[in-house]
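Chain IDs A, B, C, D and E follow the sequence of writing; residue 1 opens each chain.
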Amino acid sequence: MVLELKNVAKSYKGKRILDNISFEVKEGEIVSIFGKSGAGKSTLLRCINGLETIDKGSIKINGEYLYRQNGIYVEVAKGESLKKIRQSIGLVFQNFNLFSNLTVLENIILAPINVYNLDRELAVKKAELLLDRLKILDKRDFYPYELSGGQRQRVAIARACILSPKIICFDEPTSAVDDEVKKSIAEIIMEFKSEKIAVLIVSHDKEFSHSISDRIINIEGGKIIS
Amino acid sequence: SCGETQVSNSESKIVVVGLDDTFAPMGFKNEKGEIVGFDVDLAKEVFRRLGYDVKFQPIDWAMKESELNSNKIDLIWNGYTITEERKQKVDFTKPYLINRQVIVVLKNSNINKKIDLEGKKVAAQLNSSSQEAVEKQKDFLSKLKDGKLYLYETNNDALMELENGRVDAVVVDEILARYYIKLKGEENFRILEENFGSEEYGVGFRKGDQLKDKVEKALDEMKKDGTFEKIYNNWFEK
Amino acid sequence: MNYIVNLLLSMKGGMFVTIYIFFITLVFSIILGIITAMIRISNIKIIRVVVSFYIFIMRGTPLLLQIIFIFFGLPMIGVTFERYTAVFIAFILNYTAYFTEIFRAGIQSIDKGQFEAAKVLGLSKFQSYRYIILPQMFKNILPALANEVITLVKDTSLVYVVGIADVLREGKIAVNRDATLLPFLVVAMFYAGFIYVLSDLFKKVERRFEYYR
Amino acid sequence: MVLELKNVAKSYKGKRILDNISFEVKEGEIVSIFGKSGAGKSTLLRCINGLETIDKGSIKINGEYLYRQNGIYVEVAKGESLKKIRQSIGLVFQNFNLFSNLTVLENIILAPINVYNLDRELAVKKAELLLDRLKILDKRDFYPYELSGGQRQRVAIARACILSPKIICFDEPTSAVDDEVKKSIAEIIMEFKSEKIAVLIVSHDKEFSHSISDRIINIEGGKIIS
Amino acid sequence: MNYIVNLLLSMKGGMFVTIYIFFITLVFSIILGIITAMIRISNIKIIRVVVSFYIFIMRGTPLLLQIIFIFFGLPMIGVTFERYTAVFIAFILNYTAYFTEIFRAGIQSIDKGQFEAAKVLGLSKFQSYRYIILPQMFKNILPALANEVITLVKDTSLVYVVGIADVLREGKIAVNRDATLLPFLVVAMFYAGFIYVLSDLFKKVERRFEYYR
């Protein structure tokens, strides 16, 4: 299993957002998560990526515990273990969070070069290939503020996809793009499958999700209902 | 160099003299950046005779006793007035120079005595010992024009006003007066016989420092053999 | 005219000292300030408390007293420094405190999403700061930073208290020596010129940072 | 006509984004704009709302010129005229731009109270009604950072809709919400029609747009192609 | 002990003066600073140039000289001020310049979308600043603002030059009168206490602003 959640719970202001969530994702599996707006989908992805603490339960990524229930406490991964986890998981944010002081290309190659010690030229080549497939190669040297909404979304996708981690999470990856680009994104995701990379997708776009997912998880009231 | 030399003891033969290098003519930096002055020349001669290497360390005058007591310098030699309070903290040599609060007038002035100053405009530097000395004599003060001293930011300002004829006399340290007069032209000024009291300059050492006695002796010898006077005449109008 | 040339020549040592103290202090306290700002916003309570106590001491007492304390006070407990060393310690400790707070303001006004994105990509803390946070921080605080840097220029004159001959002290020496106020005018113009150059530099750097929003 | 564009052109970095755009919108008309991601749809809406200058052409809103071609210059509305224009047009930003220091309710009632001098209580009542219809009344006193993506989008919609200007522009109003909320948004927009308010919608969601629009404008290469 | 009480009593006038000058300067120069910052980022070139020249003059010369110029210099051209008036003019003009730059940094680091949303909703410039921009600006720059405010506390002592008896001057008087350094200790503690109260206040205000991100 690349991802294992067990009894994960999370509250904000005393309100349960995630309630006893447990599920598993295998290598190369594509799983879609559905739920109403405000159901807790983004929160779930943020927890899996260690951006939010959880109140209860355990999350295991690629064999390492990110969170581990120990009595009434939840232990958090630290040091080398955390570093390893960070490198086995990726996330495309719902609101992109592109680095505003870097160009499109720099946004994409920053992590490959600095975290994975990829050769710069190779990184640029890979980035350009992705940009081309996402039809924004001509924006290579633009800054985020100069991009349209859909262009930003594509840069965010390219930034996460260049890393090929063990599991990659997409939060509403097609909310701002047209049908043609949507197809490219679907293709890229399908390729992950063949590379044995697991994919977790949160989306309101049922058509898109259904067409590529192996499995669907529905969340309501903080619980998995199906 | 700006570094600290190690503090001298009798073997090391290096002695660090602390001085305020803004204090012309006793010790100050000349245009070339060398520390020169009357006290500097005296000190150089004294320590040449005693066989020490001497180093001059500029200090802030307000911090002089702190400098001495934290061993940053070995002695203070810079127009250092001997007072009772200071004697508590440092050992002084015998006075080597008397500094009086003198009255400077223009050469052609008809003022010859203190009494002639009645009803005249008299100037001094603000917050100086000259001001203090004059204001101690309340009767005298009340007889001056406007019943007060004309105070200026610097002695230089006061002497300029004298030259311009806007004041009639300036009360000032004799040492400074003689230096400035030399600088501005000896033909223009005159120093009256009478004065407003005097103070004595000495060299200050850490309590119990035996170097003090040696310096005292060297100074005495220099006075006897005329070296002292030669140095004095180099710096001051007679 | 000739006098002014001579004066400038005789004061160039002091100008050099002023510039020297300025730059050494600036470089070290900016670097330390960045580090302290990072520590200051960390979530380890005890460290936060220590840093904010340090900042209170540094801002709560005058720099002049800090110099005096380090140069004249510490020898009493056996810690002795050279003049320049003492000055640099005092200046750097003091300015680090002020810079820390400016940098903290700059870092805290950066969108949290930038930190999160760096984390998710696996960048180390150091890398996030180097590539993302610090460049954005500097853009945020340049005008406020200029204030403090300009104050530093004027504060360098405090070194007089340990007898170091900066430009102001050399001006004073020349005033007493030559019996004219001209040297002070030269000093004032030196400061104004120096600050003008700095302001201009800041303006240019600001413009350099305008490439993104 | 509530909105008239004539030969509007706009370039970035020497690249034509909008090229000779002319169209008109009548009172109570709902017009959808389609185009690929990066086609210039958001730019068009931003120009109409006076957030971007234009290089050529004229834009007239509710009878007042916002931009007016005069020889080789484009004059911009100023003073009272600009103020009047601002009050006759509204915009829901693609990236929401909620005021981060105000709660949901404060975000919504700020303009009604301060610009339109609406009674505070009335404003609150109207805001609550809208929030209820958009199913986020329980988030009334939350700050934007505490909301999910779709919740933010709904607040942005409510903030623009409470004003009932002459024309209101929506930039991707349904990109982050579920089908149920989408239906509420469609209803609200349909009501504008009955109030004779014109609506301009930019969206990649063909189903949504088609179902409510009177007319469709397609943009490609900066030009209207149909 | 009795001496300290008497000392405090004799110095309370000076403390009041220090606090008085501090607050008047603070209030006016913050208000003016906000206005000048708004002007400074406007897009009318001539105004921008004038404001940045003003800021250069104020930061490029020492505050002490500015006070001297206004109190002693201006009368030469027939403009005469009372002591306090002159001091307030100098302090407010000087600090407005420094605050302007801090506020400008704060305003410029606010997301452009906030300005655009205010515009589109029809808010006037004044309303946008009042409800949106200024609250966010203050959150952004509080730590940097504290630096400048604390510097102001210590700068108030410059009023000695026109003969106003602030706490430091009264301390000096007492030192000379009673031949003891104790009064200086009292002054130092007064400053440190004052600055402590201010730091604490800033910390509280910062926490108050934490309600949003």
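Just a few scattered comments:
We take it that a contact is a pair of C-beta atoms (placed from the backbone, for glycine too) under 8 Å apart; a residue touches a chain by one contact, two chains touch by 3 or more.
Only a predicted model underlies this, so the values are computations on that prediction, with no experimental measurement involved.
Taking the definition of touch as given, a chain qualifies here only if it contacts chain A and chain E alike; those chains are C, D. Relative to chain E, the most remote chain by averaged C-alpha coordinates is A.
When chain centres are set by their Cα atoms, the one at the greatest distance from chain C is D. Chain A and chain C have centres, each the mean of its CA atoms, that are 43 Å apart. Centre-to-centre spacing of chain A and chain B amounts to 81 Å, using the average Cα coordinate of each chain. Chain centres here are Cα averages; for chain C and chain D they lie 49 Å apart. Within chain A, contacts with two or more other chains are made by residues 95. In chain B, no residue touches at least two other chains. In chain C, the positions touching at least two other chains are 111, 139, 213. Every pair of chains meeting the contact definition is listed here: A-C, A-D, B-C, C-E, D-E.
Every residue of chain C that touches chain E in the complex is listed here, in rising order: 52, 56, 59-62, 65, 98, 101-102, 104-106, 108-109, 111-112, 139-144, 146-148, 150-151, 154, 188, 191-192, 195-196, 199, 203, 213. Contact residues on chain C toward chain B in their complex (touch as defined above): 6-7, 9-10, 13, 68, 71-72, 75-76, 80, 82-84, 160-165, 169-170, 172-173, 175-181. If you check the complex, the residues on chain D that touch chain E are 49-51, 83, 86-87, 89-91, 93, 95, 97-102, 110-111, 114-115, 143-145, 159, 163. Per the touch definition, chain C reaches chain A in the complex via residues 111, 113-114, 116-124, 127, 131-132, 135-136, 139, 211-213.
If you check the complex, the residues on chain B that touch chain C are 2-4, 18, 21-24, 28-33, 57-60, 62-63, 66-67, 70-72, 154, 156, 159, 180, 183-184.
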